[in-house]
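First chain A sits with chain B, and in the next complex the same chain sits with chain C.
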Partner chain A sequence: MDITFKNVSYIYDMNTPIANLGLKNINLTIQSGSYTAIIGHTGSGKSTLLQHLNALLKPSEGTVVIGDRTITNQTNNKNLKPLRKQVGIVFQFAEHQLFEETVGKDIAFGPMNFGVSESESLEIAREMLQTVGLEDKYFDVSPFDLSGGQMRRVAIAGVLALKPSVLVLDEPTAGLDPKSRREMMTLFAQLQKEQQLTIILVTHQMDDVANYADHVIVLEKGQVIQDTTPKALFNQPEFVLAHGIGLPKATEFAVALKAQGFEMSELPMTTAALIEGLTPQLENKGK
Partner chain B sequence: MDKMILGRYVPGNTWLYRLDPRAKIVISFYFIGIIFLANNLWSYGVMILFTLGIIAFSEVDQKFFFKGVRPLFFLILITVLFQLFLTRGGTIYWQFGPFAISQYGLTSSLYVFLRFMMIILISTLLTLTTQPLMIADAIEYLLMPLKKLHVPVDQIALMISLALRFVPTLMDETLAIMNAQRARGVDFSEGGLFKRIKALVPVLIPLFVNTFSRAGDLAVAMESRGYNGDAPRSRYRVLHWHRRDTGALVFMAVLTVILILVRK
Partner chain C sequence: MNSIEVKDLNYRYTKDGEDVLQNINFTVAAGEWIAIVGHNGSGKSTLTRNLNGLLAPTKGEVIIDGQLLSEATVWDIRRKIGIVFQNPDNQFVGATVEDDVAFGLENRQIPFETMHERVAAALAAVNMTNYAQKEPARLSGGQKQRVALAGVIAINPEIIILDEATSMLDPQGRQDIIHIVQDLQKQTKNTVLSITHDLEEAALADRILVMEGGHLIASGTPREIFSQHELLQEAGLTLPFAMDLAVKLNQAGIKLPGTFLSSKELIQQLWTLRSKM
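This part shows the complex of A and B:
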């Protein structure tokens, strides 16, 4: 399911004195099955863009095409459910959406809203609980008795339970411990590979962009300033730093080494690539 | 919800914005008081002229302003209909059971309508042009005399400013939670009344939980910075009374005199 933005602009509080621009003339395509990272400063329009992906916001101008649905400012608010089932969004601090008596019921809430029977939804819920790495004993526990990290996992399970074909993640690992982060990021990558899920990830972690994404979009002040691959983006460190985005750790290290006279035909994004590039040079020096 | 402007502040910098919040609050309450002095067409005319005059000279966006007050208009209309049908006196034009349209009912419902409209217009203008924190500060100043009667003015002021401070936060959070639940298939604009109310449960529960935990965090943050409610404190925003504020009060006095002259 490809997603295409054509000349999309969004204005907050339109027709009031406090109107302000959210997005300005966005053109982009997110291909089915791709892993797209969206990066940019806070206030650059990332969250506004995300909310266009399942018509929580409708463009003030232009069109958003999601699969076979076209969303414009004329689109009616009815009949958006099929679209919302296909595009699952995990919002920032997703644990704030939990409300049910038990973890199981909360995860089953989404599928039930989309017409799946209760028993089947609970079955899906049990499966998803396992998918996000929580033990079955939590199924009948109140979500409010869990730790913050566990609550986040339950919330993510609640979105995965919709079995979407596009998974949108808004800083899904912010505030998680390193182990949980790694587990969650591995899970998302696995879902993309095994179930051909399209993943759209908003993040401030450039290492995640380097490690997982195959497509990266940089936003600034509501506009797209780069639409490329992570490799191409991080190979222009001047651009990246000038826009205050930051580099993956390995790339940053490589830039510093290059300044010291090491040869880098291409800046590495990962530690493995960095080691691979460095080893022959260090061995030569040793001789 | 977007169009509702009651209680909302819109940044600006006209004379009405620059007026001391204390003056604005006193004038608003005073206005609500003297509106009850009006009792004939002339006196209502004076009040309407005053209200519309202030709105016209305040340089707020008129279209935005009146559009924002419109939802409240319908609320008032219901009150007015009660007044119209249940008041008796004078010539009766129409009657059905306990309901009647009488001459007295007509005039009194018109007056009630005008009164409500003007009170809402003026108070909306107050909140539209005064930052919530300024209103809280002004209330604190104005309540100061009550300290002598051992009223905990500082605590009340703190409560008011905290409550006002968290209105936008709660609005944002409500919206965020609603979006999250929408993404999980809740449709807030679908089905009958009962179904719609039920759809709010997944919004209200997280909202309550988050609000309580935030209140706890806030208390810890304040205590860890040594906050003590009874300690005498200096203030960051100091209000200055200018000549224009006195002028505004004098203007209100003149208005009162005119009002007394033209009323029955």
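This part shows the complex of A and C:
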């Protein structure tokens, strides 16, 4: 299910004195099965763009095409349900959306809302609990007795329970410890590979962009300023830094080494690639 | 003078529940920068909520600035502590950004003129001057974190607690915030407690406290803490980038002496090594 934005602009509170530009003339395509990172400063329009992906917001101008659905400012709010089942959004601090008595019921809430029977929904819930790496013993526990990281997983399981084909993640690892963060990023990569999910990730973690995404879109003041691969983006460190985006740690380190006279034909994005480029320049010298 | 003293602190949420904090003891000197690390659920946030009486210790004592925390002193003590929570939505009260930043000052009955100056200065410090008249609810996650920090900067309390206060900022924004607090601390010698998962940030602290399963399992300088690999593993922590790279270079046969807390130190060492050709 490809997603295409054609000349999309969005204005908050249009026709009021507090009207505020959210997005300006966005054109982009996100291919089915791809892993796209959306990056940019706080306030650059990332979250606004996300909300167009399942018509929570409709473009003030232009069209958003999601699979066979076309969304414009004329689109009626009726009949959006199938779209919202296909595009699952995990919002920032998703754990704040938990409300049910038990973890199982919370995860089953989505499917039941879409007409799946209670018993079948609970079965799906049990399966999703496992998918997000939580043990079965949590199924009948109150979600509010879990740690922050575990609650986040339950919320993600609730989105996955709708069996979406597009999974949209808005800073899904913010506030998690390094270990949970790694586990969660591994989970998303697995879902993409095993279930051919399209993943759209909003993040400030450039290392995650480098390690997981195959496509990156950079937003600034509501506009797309880059639409490329992580490798191509991070090999323009001057551009990246001028726009205050930040580099993956290994790339940043390599840039600093280069300034000290080390050779870096291509800037590495990972620690492994950095070591590979560095060792030939240092071998037989540390002995 | 000690800014914070915690003695044999235990805390449980319900009477029959488990102790989520067990036998915590530590002191923080005035003007120290402390990073508190540990994985989610290790008790970091519960600990800080015990320091200003949002939660009352089940057992043990908390002494702030020489004053024992009790029902009688809690309001005095709260005046001395400013907390920036992880999710700023939990702490906004004002209808506009500047109202919100002014809230703490109003509570402290700061004169109107001074209040205006301090709100403007705090918003300028976090680079949010242009948003003074906006509604906090309409800001992005990172902008909200900046405003919440401005609220604390305006008060300039003796003790600043940052509870994952930069988790939603971009890398540049994160550095900016840390620099702002560092500058403030240089001028007014605030004590800073920063709960963080960002190990590069923890490496900048004077001292790191490591929490695990409700216990304080270690306390030491960043250099001491990050050289204990087993401890880090136990607490579910990774190494800062420069240290991790140095360890992996060692494994690849490039021997580097010492531990490197910052990229700068490591680059210096690599450069020295290379110039020995």
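Simple rule for what comes next: the second predicted complex is superposed on the first by the 283 of 287 C-alpha atoms of A that agree within 3 Å, B and C clash if a C-alpha of one lies under 4 Å from a C-alpha of the other, contacts with A are read in each partner's own complex, and residues count from 1 in each chain.
The rule is short, and it goes like this: contacts are C-beta pairs under 8 Å (C-beta built on N, C-alpha and C of every residue); 3 or more make two chains touch, one makes a residue touch a chain.
Note that the structure is predicted; figures quoted are calculated from it, not measured.
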| item | value |
| --- | --- |
| Fit or clash - chain C, chain B, common chain A | clash |
| Which of chain B and chain C A:K258 touches, first, second, both or neither | neither |
| Chain B versus chain C as contact partner of A:H204, first or second or both or neither | second |
| Touching partner for A:G175 - first (chain B), second (chain C), both, neither | second |
| Which superposed partner A:K193 touches (first chain B, second chain C, both, neither) | neither |
| Touching partner for A:G149 - first (chain B), second (chain C), both, neither | second |
| First, second, both or neither for A:K221, with chain B first and chain C second | neither |
| Partner with the higher number of touched chain A residues, chain C or chain B | C |
| Residues of chain A that lie at the interface with chain B and also at the interface with chain C | 92, 96 |
| List of chain A residues in touch with chain C within their complex | 12, 20, 40-43, 46-47, 92-93, 96, 147-150, 171, 174-181, 204, 206, 244-246, 249-250, 252-253, 256-257, 260-262, 271, 274-275, 278-279, 281-283, 285-287 |
| For the chain C and chain A complex, residues of the former touching the latter | 38-41, 86-87, 138-143, 146, 164, 167-174, 197, 199, 236-238, 241-242, 244-245, 248-249, 252-256, 263, 266-267, 270-271, 273-274, 276-277 |
| Complex contacts: residues of chain B adjacent to chain A | 2, 10-12, 60-61, 64, 173, 176-177, 179-187, 189-190, 201-202, 205-206, 209-210 |
| Parts of chain A lying in touch with chain B, wherever the complex brings them together | 13, 15-18, 51, 54, 56, 77-78, 80-81, 84-85, 87-89, 91-92, 94, 96-99, 109-110, 113-114, 144, 158-159, 162 |
